[in-house]
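Both complexes below contain chain A, partnered by chain B and then by chain C.
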Partner chain A sequence: MKIKIIAFGQIAEITGKELVIEALDTASLQQALRDKFPALAEKKYAIAVNKILVTDNQILTDNDTVALMPPYSGG
Partner chain B sequence: MENHNSRYARHYSLRDFGAEAQQKLADAKVLVIGAGGLGCPVLQYLTAAGVGTIGLVDDDVVSLSNLQRQVLYTTNDVGRAKAAVAALKLQQLNPDITINSFKMLVNSTNALELIADYDVIIDCTDNFAARYLINDACVLLNKPLIFGAVYQYEGQVAVFNVSDAQGNKANYRHLFATPPDPLEVADCNEAGVLGVLPGIIGLMQATEVIKLITGVGEVMINKLMTFSILNYDSFIIDIRADESANTHIPKDATTFKATDYNWLCGTSINGVIELDANNFLQKINLPDTIVIDVREVSELPKADFQNLNIPLSALSEKIPEIEANNIILFCQSGKRSLRAGMLLLEKFGNTKNISHLQRGIIALQEKYNE
Partner chain C sequence: MQGAINPSFIADSIAKHASKKDIGAHSIFLGQVRADVIEDKTVVAIEYTAYENLALQKMHELREELFTKYDLSCMHVHHSLGKVKAGELCLFVFTSSKHRQTAINACEEIVERIKAELPVWGKEIFEDQSHQWKVNN
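And now, the complex of A and B:
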């Protein structure tokens, strides 16, 4: 499955703002991202599939959009 | 009725708002935690809008580097307590409302009592320890929480702990169940922030407060918006609250009060001694002691006591040159000095006494201004 990734904040500094990754589900997508960008291993981020937050592993389908959102603390 | 108050004339004449919504604002009690980049616009606009009771909490003093974005303060206010300056200026802006000002840090001992008195809580803080603390306190007390946070050119806004029609009620733990590793987190000092960004995000928080209180429009319940000021892209996701995230929240007030959020968020570290301003000033002149400023070379104010400037970014390579057995670290806010302490701890273990100035130069300025 070709999955479109949109990254924000410090995550985008590692991966770039947008990229496409082949993955079957969100767990394998995270693994693929870690393989490609080892610096991601230490980072915390929330995942949304098609603009809905997911916490458990979720099956992905072609052209799904996955957003990677790190926590911001600044104020 | 206050609907003869020409201060609010543009609200009275506003379609779907009017005297009824204005009265709801007048009856509301909101608590703004943090009077910095986010807190300033939130406080200014909620005061102007006529929210009847506004509590404001901040333990900091105004510093020159705040003024680029914290537009409630002026150059003359540098060194003064934000809580006092803000209360004075807000009361001048609108003498018809009640301002309760608290110069203190919110912690697990005082948070519940403080929050219990208000209807809506607005998180305008600048660190994860405070954000998790406030989130958990709002969940325990079932208080709506208006969240805002910024990073460089992007901000996040969310409304937590308010049920939607399906009974779904998300909080910050649903997004990020546990705090990130402190070494992975940059703050405004290190990452920088474009001054207008907290202004925009703070105004979005203020807007959510007004919508929530008056019932006008759609409140961002169970949603997180990420907003970029570089291209005005906004990205809104839905949060479905699942029970597992709430297992990280203390189950009652007693457990909450016993929770050390600074430790949870890695803002205190076993082995790095924390010094307050008084302790710091006593210790820096003792024998066999080196005082290290881990800020960048250009950062102000300069310290008026003897110290060695080794920026955090260059500390690792300089570690072997440190001979003194007592190492005292400081920076602007106490974050980088703590990280420096962790680096030194890795190298020296407990063979040297490593300590750092809590809340940094800011704490010293406060002491000098007393």
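And now, the complex of A and C:
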């Protein structure tokens, strides 16, 4: 599956703001990201699939958008 | 909104409520960019970015929830995006109700929840143009 990734804040400095990664689920996607960007290993970030936060592994389908979001710091 | 929040915009917002005569109390929170000094470097601005679609969706949910919980007449929230210089305003929260305690409590809750739940990120920019990512407490 080709998954569109969008990244924010500190994470975007490592990965760029947008990229496409082949992955079947969120766990393999995170592994692929760590392989491609070793600096991610020590960073904290949450994952949203199509704007919904996920914590457990989730199956991905073509054209899903996965957001990588470091801890919020608005306001 | 893009850039800093202009104080005259806030004054206009207050004035617009003169026609709503069931309101007895307004509560306003204004967030201002602080010139923190970190390891001898001074913050000159914060540059805000957001996952805008999700932030708007989340704000809509928070709004529904607060209106259910509190007896509010109205609620307005404006958060800056892009660069806001130290001393300028970056967050404007405005709640109105019949009575003060409702307006004050709702204002406090929405500010706390904006900080904790909205996908917005602040990059603190120093005078030498280096930066660090803001962390909310």
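Criterion: the second predicted complex is superposed on the first by the 71 of 75 C-alpha atoms of A that agree within 3 Å, B and C clash if a C-alpha of one lies under 4 Å from a C-alpha of the other, contacts with A are read in each partner's own complex, and residues count from 1 in each chain.
Heads up, the rule we're going with is that a contact is a pair of C-beta atoms (placed from the backbone, for glycine too) under 8 Å apart; a residue touches a chain by one contact, two chains touch by 3 or more.
Just so we're clear, the structure is a prediction, and the values are computed from it rather than from any experiment.
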Touching A:Tyr72 in the superposition: chain B (first), chain C (second), both, neither? both
If touched residues of chain A are counted for chain B and for chain C, the larger one: B
Which partner does A:Lys43 contact after superposing on A: first (chain B), second (chain C), both, neither? first
Have a look at where A:Ile3 lands relative to chain B and chain C in the superposition and call it first, second, both or neither. neither
Once the shared chain is lined up, is A:Leu33 touching chain B (first), chain C (second), both, or neither of them? neither
Once the shared chain is lined up, is A:Ala23 touching chain B (first), chain C (second), both, or neither of them? neither
Figure out whether A:Thr55 sits in contact with chain B (first) or chain C (second), or with both, or with neither. first
By the touch definition above, which chain A residues appear in both interfaces, chain B in one complex and chain C in the other? 6, 8-10, 48, 51, 67, 69-75
Under the definition above, what is the set of chain A residues touching chain B in their complex? 6, 8-10, 42-44, 46, 48, 51-53, 55, 67, 69-75
So, in the complex, the side of chain C touching chain A is made of residues 31, 48-51, 53-54, 57, 79, 90-91, 111, 114-123, 133-136
Using the touch definition from the top, list the residues of chain A that touch chain C in their complex. 6, 8-10, 48, 51, 67, 69-75
Which part of chain B faces chain A closely enough to touch in the complex? 34, 36-39, 123-128, 131, 148-152, 154-156, 174-177, 180-181, 184-188, 191, 193, 198, 224, 226, 235-240, 242, 244-245
